[in-house]
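The following pair of complexes shares a single chain, chain A, combined with chain B in the former and chain C in the latter.
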Partner chain A sequence: MSAGAALSLETLSMGGSPLHRVHPGVKMVCAFALIVLTLSFGRTDVAAMLPFLLYPSVAIGITDIPVGLLARRMAAALPFAAFAGISNLLSDHAVMFRLGGLAVTGGMAACAGILLRTLLSVSYALVLIAATPFPEITAQMRRIHIPGIFIQTLEMTYRYIGTLTDETRGLTNAYRLRAGADDAGVRLARAGSLVGGLFLRTADRAERILAAMRCRGFEANGASVGTRPAHASDWIFLAAVCGSGLLLRIVDVPALIASVIAGMG
Partner chain B sequence: MLTARNLTVTYPDGGRGVEDVSFDIESGESVALAGGNGAGKTTLLLALVGILPAKAGSVEVGGLRFSKENRVEYRRAVGLVFQNPDDMLFMPRALDDIMFGPRNLGLSETEARQRAYEVITELGIDHLAERSPLKLSGGEKRMAGLAAVLAMRPSALLLDEPTAFLDPRARRVLIRALERLPQAKLIATHDLAFAGALCSRALLLKEGRLYADGPRDDLFRDERLMDECGLEASLPIPAAGVYWR
Partner chain C sequence: MHMADALLHPAVGGVMWAAGAAAIGVSAKKSAAGDTSGSRLPLMAVSGAFVFAAQMINFTIPGTGSSGHIGGGILLAALLGPFPALLAIASVLLIQCLFFADGGLIAYGANLFNMGVIPCLLAYPLVFKPIMSKGWTAWRLRAASVAAVAAGLLAGAFGVVLETQVSGITRLPFGAFVLLMMPIHLAIGIVEGIITAAVLSYVYAARPEILERAAAVGSTVTPAGARSLRPVLLTLAAAALVTGALLSQFASSFPDGLEWSIERTAGSAELEADAPAFRRAQSVQDATAFMPDYGFGENSERSEALGTASAGVVGAVITAALAVGAGAAVRAVKRKRAA
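Coming up: the complex of A and B.
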């Protein structure tokens, strides 16, 4: 994830939509449950997974998260899934069914299944991040006793991304202003010292940030944000999302619709 | 009261930080800490909050002597405003940054919020609370950083080059805010006019040692002394409290 996008998601996370107002712990449980349900589908159950697109679609509608931003973030994850999917294309040639004139093989269905699973899982995670301030996510992680070292690493990495972006911007601007006609990018011959300098600067800055945190009582084991109790509306949200997800996992809605249409014909 | 006794700090590489520095700052007193670049001002401030460990000597506030065991209690009592406010602001909203300290002190969400809003109201920066620190101007960041420290309710306040990055108007706003604060203040600065507006006493550092400690006017107007400390005495020094008018 680029730092610029991280900052955009961070800005979005401060919104005030109904989804933003849901208890962060509830949103995390919902995202986790949806990921588990999505991953539990068989490798070629593409159609059965389609109704799960409803969740990110509704969330995007409620929160006004720019679809383009989410698409760009998803695009970063999809190439990895595509690589995994392509191997299925090569290994499974058995024809499953015909779609018009196209013979759909098991490999093609498995490839589509991997891509859809990735798309859905990443979209749940991105919606969670875009609708929940990061400190609230880590506060909830502490609450459910996820090991502190993991959370601290996550927090520090998150903050380090911002620091790294700032320093990179300053350094590359200074470089380009003195690079003459060669200002389109950093030349490879100079990249080594520039990257080395960048890491030294960010390490230095990160130390100052940590010092500022310690001056204000940070001891690397406490939550830096408080947590509010879940209200009845949060529990209703949890029940609605997880209950409907479970139902959609058990009942193959597209197959049901197809059979109803076939019955009518 | 903020006290340093024979304070000596060396860097891990053996480099000199500060050496044998002693002074007392009374409650409510504002003291300027001046010295040329590399004189040890920032090092001294970091040592006074226990971020840099003392090789020898001690620091204490209100009778509480810094030790590794009582560092949280000690840092509640001594607040440090960093030179670069970006180092202090790392949460999504300015309000979260101001609540960061109180939350770490174990206050409830309601108490932390209440305390943050008290400080925000006091400093007149209510409009910044919900904004991202990334979007604040230099002066606004400085005020948010100051609020973040004041929310800890410190009895002594250390400020490192508080006028760095500030335009004249933001500087005036900061002076007004600092004038109203009752804490003991140690202000490290090159900006002698700013120091003159707030402080009646000054400490001059040279090569990590306390070179002079005395009334601001006596020190700042002594050209030879200032020159020896890598400073310039030619600036007009206004009487305390009149700078911004």
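Coming up: the complex of A and C.
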């Protein structure tokens, strides 16, 4: 995990593609709706889920999100999903159907289903964050009355991750230079002074931040960034994404295509 | 221990969201109480970033060849107080979910419960504080840290097992899943507990007022220790029960909701289409559906099924190619226009 990845996503979110111009609240609702629709498929309904690849695929095309970035995010999400997928391979040997000489088991289908769900749900969230500046997301959270203190904590945490990550890197570099340690890690006996020292620096920084905020007229329940109202085009976008998602959830497109192929054969 | 969306049924995710939202609401109220100037906010926020950054430091565990890093929940609860700590952890988890694909949007409530609510609002007041209530000594701090972190991690891991099992996505037997998760998280908990104790000892030696202030925050917010947790637990339980009751209509299987809608619209739960294309689609779907209606469909017409199964696989490949190709086409058109 690196703060640089968050910064590259932040840069992407400042873009000017048609998807960037959609109302942030509408994009958030669409992302949630698509995740819920995707997760609502049965554990082995792999083929019926495939049409949902259309949404991240088109969105990535529109917004120019680097595919490598998506792959790296997928890699972060994979370990636990892969563990669950492989556990299905080992525990479910019932043969679903045979394809030539290959017996496709329930475990195989469930494993593929978990990996596809992971790919889709990670993509939806990534597209949302790559096409929506973070302050617009937190502004929408304020609109639905999520507690202000939580949103302010969230915004400041996000803002200071990069700073503290750099500070941590400096601390560990200094440790390695002095201790002559290799890259394997820091000795457990040094945990207190290293992490404790980092926290004390953090606490001092927090006091400086508070002083700076007060100098600029900060109030705990002060005004927040306003949001623009949704236009007709935003409502059309919402209807198109959610409506088509519902349709793809009900109609099994691969089966329809297969029926055409079977009819031709 | 971050759960991915792919492992959760939306209804389970919804219930955990309700529990997480209730915990955030209560914590926000308790954290803001007596802090009208917002002076606690910067420390809470920067502490979230601190946990994020400090997790980058890997400590070598002697004799094992492996490494570990700080946990977060118990450490922040001891440094900030339980409710501000929960808000800081909630912020970190949301940022990890949105920017790093560590956890998922639907799984956010479950992750918040397993990694935030359990350590901050349960393990800290029920394990850490009672042990430390007799005064600060180095050994007591080590015992409290290891016990609280290990208890929090074990309970969180058990939560992961329960939420995954209830969702029905994996067929791993409950007992085997528990046996896989518990020992490894006990070991991680002991290492994280030792690191937590070392950090707290260092901070206490250098700036005791930070820990004393955090303990005071906890005690003013929770004046009677465990007893004052009752409103929080009742709120969580009520939110989970109400949401669970509402969502249980959909929890049995989401298509029931769809079928209900279709029945209301079309007068029947099953849409009937008699065109040749639909009949062919139905035969292909019957053969290729891996688990029609979550049951192992015994196919009596195996030879016919083999041909239609092949067509089904080709159909799936074509669908995926069309979906991905649409995006590639959009990108190609964009680049052509830009050139």
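By definition in this document, the second predicted complex is superposed on the first by the 203 of 265 C-alpha atoms of A that agree within 3 Å, B and C clash if a C-alpha of one lies under 4 Å from a C-alpha of the other, contacts with A are read in each partner's own complex, and residues count from 1 in each chain.
As a convention for this text, a residue touches a chain if its C-beta (ideal position, glycine included) is under 8 Å from a C-beta of that chain, and two chains touch if they have at least 3 such contacts.
Computed from a predicted structure; not experimentally measured.
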{"item": "First, second, both or neither for A:Thr11, with chain B first and chain C second", "value": "first"}
{"item": "Residue contacts with chain A in the superposition, chain B compared against chain C", "value": "C"}
{"item": "Partner chain(s) touched by A:His93 [first = chain B, second = chain C, both, neither]", "value": "neither"}
{"item": "Touched partner set for A:Pro135, first chain B, second chain C, both or neither", "value": "first"}
{"item": "First (chain B), second (chain C), both or neither touched by A:Arg228", "value": "first"}
{"item": "Which of chain B and chain C A:Ile261 touches, first, second, both or neither", "value": "second"}
{"item": "Touching partner for A:Phe32 - first (chain B), second (chain C), both, neither", "value": "second"}
{"item": "Which superposed partner A:Ile209 touches (first chain B, second chain C, both, neither)", "value": "both"}
{"item": "First (chain B), second (chain C), both or neither touched by A:Gln152", "value": "second"}
{"item": "Common ground on chain A, meaning residues reached by chain C in one complex and by chain B in the other", "value": "159, 205, 209, 213, 218-219"}
{"item": "Contact set on chain A toward chain B in their complex", "value": "7, 10-11, 13-14, 133-135, 159, 162, 166, 205, 208-209, 211-219, 222-228"}
{"item": "Of all residues in chain A, those that touch chain C in their complex", "value": "1, 5-6, 9, 31-32, 35-36, 39-40, 42-47, 50-54, 56-62, 64, 73-74, 76-77, 80-81, 84, 87-88, 90-92, 94, 96-100, 104, 106-107, 109-110, 114-115, 117-118, 121-122, 124-126, 128-129, 137, 146-150, 152-161, 163-165, 167-169, 171-172, 184-188, 190-200, 202-203, 205-207, 209-210, 213, 218-220, 249-250, 252-263, 265"}
{"item": "Of chain B, residues touching chain A in the complex", "value": "46, 49, 51, 72, 75-76, 79-80, 82, 84, 86-88, 90-93, 96, 99-101, 103-106, 108-109, 112, 130, 132, 134, 148-149, 152"}
